[in-house]
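Common to both upcoming complexes is subunit A, partnered first by subunit B, then by subunit C.
For the complex of A and B:
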C-alpha cells in the first residue's frame, strides 16, 4: 500500500490550463461565449480551444471571419448587452485593429453611461517573439496599461494561466489577457481544486537580498534563469512575477525593493513608455534612493531571422549584465 | 380636426418636440456645442415608430432626435446635455453619448461608425439568448466609408443577426459631400453583395421611413435576418453649433423648404398646429427649468465608474 499523500495538483501544459479554465467557466456560466478565428474544430492556433466546440456547440464557440475590429466590437456589444464573452485575437499585433471598440467603447462605457452599462469582456491575445517576424511578435501591453478602464493580466505559469483566466471570466471587465507563444508548450503544476488568482496580485517566484527583478509573462523565465546564474556569484535576487499589469501590485514590489535597495525591470516590449518605466517612476515615489535599471527589447522591429530576433529581445545575459552594472556602480 | 390618435398626430408632435428642444437648447449660452437633428426629425421619429419595447436603438453622436424619439424624456435629455446629475448618464456622457438601455435606447456613441460593431454584438446577445428584440443601428453617411460597416454587414449576414442598419444620409460628413466621398449609387446598395435586403427611402417623409423600417424590423424579428435602410435627409444646420456652414443661402433655403414637419402638417388647421406648438414649447421650457434647478455631478464622479 502506498503511503503517499493524495495529490492536490496535476501537471498541465500552459495551453491545457487555459482550456480547463474555459471549460469550467463555460459549464458554470451559460453567459460565457467564445469568439475567435479558428477556435472551433481547429481548436485554436495553439490548441488552447481544443474540444470546446464539441462540448458547448457552435452557438457558444463562434468561428469568426478575419475581422478584428468587428470581433472585438461584437464581444464588447454582447458584453454590454449582458453576456460574458471572450474574444480571441490570435496575435497581439492584430489587436491594434480592434482597439477602437476596446478603448473607445469598452473601457469608457461604464463611466460615460453613469454605470448603466458594464462590459464584462475578456480579450485573450498572444504576444511575444517566436520566429514570426515584425507583425507577429509585438508586446504592446504597456499601451493598454495607459487606458483608464482596462485591466491587463499576463500569466507566466500554467497555474496562473488557469487561475487568472477564471478571474477574468468573472470580472466586471473589460480584461485583456495576454499570453505568450513560448509559454503554451511549457508545463506546470495546477491545483486540482478550483482556484482563482485575483487580478492585481503579483507573485514572488524566488527570494534573494541583493536585487529585485520584476518581470511578466515569458520574461519571468528569463529573470529566473538570470537569478539562478547570479546565485553562483553570490548575488541573491528577488524575482517578482507581476501577473497583473493593470492594476499594478506596487505594494509587493515596494516591499521587496525596500529590502534589496535595487530593482531591474525586464520586459519583451519597448522601454520607452514601457512597463518598467511606469514601475520605476511609481517606485521612486515611495523609495527615493532605490537604484533602478530597465531591460527591454531594442528600439527596433523584431525580425523573423532567428539571429536578429535573439539580438532584439532580452535574454538572461542581458539581465545579468544590467544587474552587475547596477550593483557595481553602487559599490564603486 | 385630426384625431389625436390618428396616424400623423403622434409623429408630428414627436418631430415638433425635437425641433423645439433644439431651438431652446442652442438659444442658451451655456450649451457647450451641440450636434443638431433639425431637418432630420422624420428619420428618428419614423424609425422609432417602427420599433417595439423589446428592441434596442444605437445611434451616432447626432443623437438628440433619436434619444427623444425613442422616449427619453425632454427633462432627462436636457439635464444630460447641460451636464446635470439628473441626466440618464448622471451628466457624465453628455453630447454624443446619451444612453438609457432600460427603455430601449442602448446609446449614442460619438465615433463615426463606432456603434456598428457594438450593435452587432448586442444583436448577437439577443440571438444567443433567444430574446425577442431587434437591434437598430442609426448612423450617418460618413460611417459608410468605414471598414466597420463592411465587417458588420458580413458578420450580420453570415450569422443572420436580428440587426437593422439604418443610414441617415444627410448628404454631408462635416463639410464633405456624400458624392465626393462614397462610390455607391445608393448607400443601401452596400447590402447587396452580402445578400441582404436594402432600400432607400425619402427621409423627409416620416411615414415612408416608418413603413420601410417596420418591414425590415418585423422581418428581423421573425428570424429573417438583417437589412439595411438608407433614409435621404437634410441637415438644416452646420455639422455642429461650433462649425461654419459651407452651403450657400440659396441652397439652405431650398433645404429648409423640404421641412419634414411642414410636410406632415400640411392641411392641419392653424389652431391645432398652434396648440401643438404651445404644448411642445411648454414641455421644453419645463425641461430647461428642471435642468437649471438640478444639481451638478459631485466632483468625485470624475473618478467613479472607471474600473
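For the complex of A and C:
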C-alpha cells in the first residue's frame, strides 16, 4: 500500500483552470451564459472555452460578431434582466469599444436605481504584450480602477484563475476579469476541492525584510524572478500579488511596507495615473516615510518588433535596478 | 539498440507537456511512421511518430502525467528482449530524435 497522503490538488494548464471554473458555475447556475467571439466550436483564442458548447449548448454559449460595444451592451442588458452573463473580449485593447455600456450603464445601474437593478456581469479579457503590436498588447486596468462600482481582478496563477473566476460569476458585479497572454502557457496546481478566492484579497508570494514588490498578473512572475536574483546579493523581498485591483487590498500592502520600509510597484501598463501611482499615494496616507519607486511600461505604444516590445515593458533587470537605486540612495 | 523517447522540443512557450494517450502498450512493435504517443501543450496536440521500427519496452510517463521538455517518456528498442538500462542517467545518453507533427 502506498503511504503517500491523498492529493489535494491537480496540475492544470492556466486555460483549464478557467474552463473548470466556467464548467462548475454553469452547472451550478443556469443563469450563467457566455458571449464572445469564437468561443463556440473553436473553443476560444486561448482554448479556455473548449468543450463548453458541447456540454451546455448554443443557447448558453453564444458566438458573437466582432462588435464589442454590442457584445458588452447585450451582456449588461441580460444581466440587468436577471441572467449572469460572461462577455469575452479577447483583447483588452478592444474593451475600449465596450466602455460606454460597461462604465455608463453596468457600473452605475445600482447607484442610479437605489439598488433596485444590479448588473451581475463578468467581462473577461486578455491583456499584455506577446508579439502582437500596438493594438493587441495594452494593459488598461488602471483606467477601469477609476470607475466607481466596477470591480477588477487579475490572476497570476492557475489556482487564482479558477478561484477568482468563480468569485466573479457569483458577484453582484459588474466585474472585469483580466488575464494575460503569457499566462496561458503556464501550468499550476489547482485545489481539487471547490475553492473561491474572495475579490479584494491580495496574496503574499514570497517574504523578505528589505523591500516590498507589488505586482499583478504576469508581472508577479517578473517580480518573483527579480526577488530570486536579489536574494543572492542579500536583499530580501516581500512579493505581493494584488489579484484584485478594485477593490485594492491596501491592508496587506501597508502591513508589509510597515515592516520593510520600502515599496516598488511593477506593472505592464503605463505609469501615469497607473496602478502603482494609486497604490503609492494610498500607502503614503498610512506610512508617510515609506520609500517608493514605480516600474512600468515606457511611455510608448508596444511595438510589433520583438526587441522594441521587450525594451518597452518591464523585465527583472529593470525591477532589480529600481530596487537597488531605491535602497542604495536612502540607506544610511 | 535501446532508444529513449523524450519530450520533443523546443516548442514555443512550452516547458512541460501532459501525456494524453499512448498508442501501444509495452511489447508493441511500432512500424516506421506509426503514431506512438499524443502529447498536450497549452494549446495544441503534439503527435510523436516512430522514425523507424522499434518495440515499446517501458512507459516512464503514464497518461495524464506531466513531463518536462527533454525528459524521458518511454524506452524503446530494436529487439524485444534487449536488456534495459538501470539508471536514469544512462537514459539521457540514449535520447534520439523522434518525428513530431
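We adopt the following convention: the second predicted complex is superposed on the first by the 331 of 332 C-alpha atoms of A that agree within 3 Å, B and C clash if a C-alpha of one lies under 4 Å from a C-alpha of the other, contacts with A are read in each partner's own complex, and residues count from 1 in each chain.
Criterion: contacts are C-beta pairs under 8 Å (C-beta built on N, C-alpha and C of every residue); 3 or more make two chains touch, one makes a residue touch a chain.
None of these values were measured; they are calculated from a predicted model.
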Fit or clash between subunit C and subunit B when superposed on subunit A: fit
Subunit B versus subunit C as contact partner of A:219, first or second or both or neither: neither
First (subunit B), second (subunit C), both or neither touched by A:245: neither
Which superposed partner A:83 touches (first subunit B, second subunit C, both, neither): first
Which of subunit B and subunit C A:15 touches, first, second, both or neither: second
Once both complexes are placed on the shared chain, angle at subunit A toward subunit B and subunit C, C-alpha, multiple of 10 degrees: 130
Which superposed partner A:184 touches (first subunit B, second subunit C, both, neither): second
Touched partner set for A:114, first subunit B, second subunit C, both or neither: first
Partner chain(s) touched by A:149 [first = subunit B, second = subunit C, both, neither]: first
Which superposed partner A:46 touches (first subunit B, second subunit C, both, neither): second
Residue contacts with subunit A in the superposition, subunit B compared against subunit C: B
Shortest CA-CA distance between subunit B and subunit C [superposed frame, angstrom]: 30
Overlapping contact positions on subunit A, where the subunit C interface meets the subunit B interface: none
Footprint of subunit A on subunit C - complex, ascending: 13-16, 18, 40, 42-43, 66
Residues of subunit A defined as touching subunit B within the complex: 33, 59-60, 62, 64-65, 67, 69-70, 72-83, 85, 100-101, 104-105, 110-117, 148-149, 151, 247
Footprint of subunit C on subunit A - complex, ascending: 11, 13-15, 46-47, 182, 184-187
Touching residues on subunit B, where the partner in the complex is subunit A: 56, 87-93, 97, 99-102, 106-107, 109, 111, 114, 116-126, 128-129, 147-148, 151-152, 154-155, 158-159, 304-307
